[in-house]
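In what follows, a single structure is set out as structure tokens and then discussed.
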Amino acid sequence: MDAVLARAWVAGIASAVRDRADELTRLDAAIGDGDHGVNLRRGFDAVVAALEAAETPAAGDVLVKTGTTLVSKVGGASGPLYGSAFRAMGKALRQESSVARALEAALEAVQKLGKAAPGDKTMVDALAPAVEAYSAASDDAARAARAAAAAAADGMRATIPLQARKGRASYLGARSVGHQDPGATSTALIFAALAAVTGPDSGR
Amino acid sequence: MDAVLARAWVAGIASAVRDRADELTRLDAAIGDGDHGVNLRRGFDAVVAALEAAETPAAGDVLVKTGTTLVSKVGGASGPLYGSAFRAMGKALRQESSVARALEAALEAVQKLGKAAPGDKTMVDALAPAVEAYSAASDDAARAARAAAAAAADGMRATIPLQARKGRASYLGARSVGHQDPGATSTALIFAALAAVTGPDSGR
Amino acid sequence: MKKFVNDPADVVREALAGVAAAHPDLRVDLAEQFVVRADAPRTGKVGLVSGGGSGHEPLHAGFVGPGMLDAACPGEVFTSPVPDQILAATKAVDGGAGVVHVVKNYTGDVMNFQLAAELAADEGIRIETVLVDDDVAVEDSTWTAGRRGTGATLLVEKIAGALAEEGAPLADVAAVGRRVNELSASFAVALTACTTPAAGRPGFELPDDEIEVGVGIHGEPGRSRQKLRPAKEIAALVTEPILTAEPIASGEPVIVLVNGLGATPLMELYVMFGEIARLLDAAGVRIARSLVGDYVTSLDMAGMSLTVCRVDDELLRLWDAPVRTPGLRWGM
Amino acid sequence: MKKFVNDPADVVREALAGVAAAHPDLRVDLAEQFVVRADAPRTGKVGLVSGGGSGHEPLHAGFVGPGMLDAACPGEVFTSPVPDQILAATKAVDGGAGVVHVVKNYTGDVMNFQLAAELAADEGIRIETVLVDDDVAVEDSTWTAGRRGTGATLLVEKIAGALAEEGAPLADVAAVGRRVNELSASFAVALTACTTPAAGRPGFELPDDEIEVGVGIHGEPGRSRQKLRPAKEIAALVTEPILTAEPIASGEPVIVLVNGLGATPLMELYVMFGEIARLLDAAGVRIARSLVGDYVTSLDMAGMSLTVCRVDDELLRLWDAPVRTPGLRWGM
């Protein structure tokens, strides 16, 4: 992944977040506090502005900048989690070029900070299978991104029957069952954006 | 008017107030604070209870008791006004037997306390013509009561186009126009109750 | 209707029982329905009594205590108290130096306090009445009931209460109360109607994009209905009539009360305070003291009122004097 | 949506501008978005910093001042503050004796404060974190996010603030804060949903005859939806889980907070206080101190929460110590 692709990815996320902010907020209103879309829109709008102003020669720089901006602009649960994820990814890409390893670093960062396991009804339920699917297909970046996006979407839908154990939705106990997790939904959106910008001939 | 008739009148008012409390409250909500029916129901329920417990050999005693009970149970504007009216009426009947003169005393008490003139969009707009109509026909109690009831009803309806100058409705300025005054409505109800209990053969 | 009530007819009495349980330094007479300082009557001290319909809490019972009211008589919801109540409270606080009645200018309050004052005078208690009529949304005229009493009531009670606490004589306490009223002006807007427990439904219907301008504190409609607009413009709507009604000299100090009507979040009141402070500043008015919060409410009405009171050093001194009540407290 | 706002995206910043205008004894950093005592940092005094999403006013910015918080960091509405903000506030109050972070137990708050604490530690500031998790509507479990922090936050901030004001060392201030949290339990019910300025519509739909039981302070639905019932029964609904969770010995003194969630009239809170006092009394619990009012709110939600905190003489002494903040003030 080069800086151009990284920027395209982040731009794709930002525009998808803007388009679907209301949906994310509505999902969050059902089992949380109704601000997930607002939070991410505020965050990614700030990221777009920050990247316009910043020198980011490499993909790692783009993603670190994205992460630090999210941490300092979003707040809530998703700010530190997505912020750490992008920062970890960027730092990993500064070390070695493997997107698969970068995604693994992101998952690790999210789990270290948030302590959620798969099945807790959080973004991890979309992130973990997406990272796994990407790694399994990582010899072809486009195919890997598509597989990750599909796995994230599956993981997102699989949150519906779960009872939340982490995040605000956990306060609802059994009433959290039957609702799709907003964070898993935004994670699926992030991987859909990755698949969209990773053409068959994009570099890994 | 004897004690039996006075009690019947007050009982008639109490039951009419109970039946029409919601309507009075609704009228008051439009241009006041929406409690006129609640106030009068609380007051006349207390009057009924007080009269049950009290020795009231004469009509004057019944009406004085009614007045003092209203003063001490109703509050608001209508409490002191109706309370003073009934008290003045009762005191007048203790002096001489003329119902017409008693009603005049009531009007005088209301105007002394509330300082409203006809046309101010208050209970005076029903009370003043009712008292006048009663006096004009006072040689026949039943006819006088019917005339008073009709005049009160006319006065009540005539409040609709008026702009209030006294009471809470005055705060609305021009917006008070087009609404019937709640106090004039309860006054009409009081005279309707008088007409209902004053049969052609009741004493004056 | 969704309220924390048992029988709506009992709500005032039950709330008073709660006041009694929560505030051991107040005495609540549940039979006569009034709230009084536990140490009343205080010999030689002018008593300060107020009252009015319930539904405006913390006004008035929440302002009973050292440095403010000696007693409060809460009537039924939005219904002025009855003379018996007012008389009982007056007698409970009379320490021989006379009693000041602080009365908001509503026909019902005025008449009931008048009847009570006559009864108290019959019992040999000297009474002075301070009538509060600060709401400039209503035109002042001798032909009408005149202006309503709203937010300035708090200032009158605080400042007259401080002077009474110092041991000032009856005439002085009444005079300072009247002076505060004369120097004050208020204006309110509502975003929603309120619901009385007895009625069980909102007093009026207001479309989602309209506000009531120039409302009182009894859930009544205002002087006009206007379009909803940004906070900035609503701030102008409430500030301008006050600046028009009240001739404030440039640099003159004022106390500003930005008051919530019951259901408006404090966050929004602060937004309004910020906008109003900017407007007052532009008009050369100096905000010497301020209060932001729910003080003179209208049950669950969403809305706010602005009260501006011109002050001098003496009034500021009395404002700053210690006060210890459930609703207003500092210095002790 | 009917609110006193300009652009909903600016509401927190504009409210802070209002706080700055209304409270000259507070300093508001509008760029970094925090509120701090004007006299901060105080050399040798442990700093007390809290923060969380906005929409709970007066919590937390309204509790900044002598005897309580040194600084507060308000996040966006219902969104925890960001680490930069918390770090800036922490640095602004650090007088060399370390800083205590009072954090309500929400994933977002916990993580953002954790990141800030790491950054502060990097700059050589000693940080202790007091996690508040008093809401017994939520089961306590190591498998979940655990209980929420709600009403007890006020008690933690007041009592830890009093000890910090006395000059106690970092470990002691943190310890007393943790102790207050451990001795506290809360439970809330909502009659209506609230509306965030950004969303512009209520968070959930609640039929006219239903209430949400076991809600938090972020407009979220509760643990269960039940039928509306009289105040008496709702009082039992909130009191019983607390008495179950908290083993209160007979005659043991407690502080009771009956807290409005934003749109509930004070009159109704007093009705609830009366009912709750009766229940506590029947359970042998002694109400040593109480507070009734809007302290930890959820925008314009109609509803209430009960917090009960077991206390001893030392905690009562610290509770009674002077405090001077916009939202809580006595003794000074």
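All chains are identified by letter, namely A, B, C and D, in their written order; residue positions are counted from 1 within each chain.
Here is the rule we go by: a contact is a pair of C-beta atoms (placed from the backbone, for glycine too) under 8 Å apart; a residue touches a chain by one contact, two chains touch by 3 or more.
Remember, it's a predicted structure, so these values are computed and weren't measured experimentally.
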Separation of chain C from chain A in steps, with touching chains one step apart: 2
Farthest chain relative to chain D (centres taken as mean CA coordinates): B
Centre-to-centre distance between chain D and chain B (centres being mean Cα positions), rounded to whole Å: 54
Where chain A and chain B are represented by their mean Cα positions, the distance between them in whole Å: 74
CA centroid of chain A to CA centroid of chain D, Å: 31
Separation of mean Cα positions, chain D and chain C [Å, integer]: 29
Contacts with two or more other chains, residues of chain C listed in rising order: 77
Graph class of chain-chain contacts, one of line, ring, star, complete, other: line
Touch relationships between chains, expressed as pairs: A-D, B-C, C-D
Contacting residues of chain B [partner chain C, same complex]: 25, 29-35, 38-39, 42, 71-81, 113-114, 164-168, 170-173, 175
Touch list for chain D against partner chain A, complex: 9, 53, 75-84, 106-108, 111-112, 114-115, 137-139, 143-145, 148, 196, 198-199, 203-204, 216, 218-224
Residues on chain D engaged by chain C in the complex (per definition of touch): 1-7, 11-12, 14-22, 54-55, 57-58, 62, 77, 191-192, 208, 211, 228, 230-232, 234, 258, 262-275, 277-278, 287, 290, 292, 294, 297, 299-300, 302, 304, 324, 326, 329-332
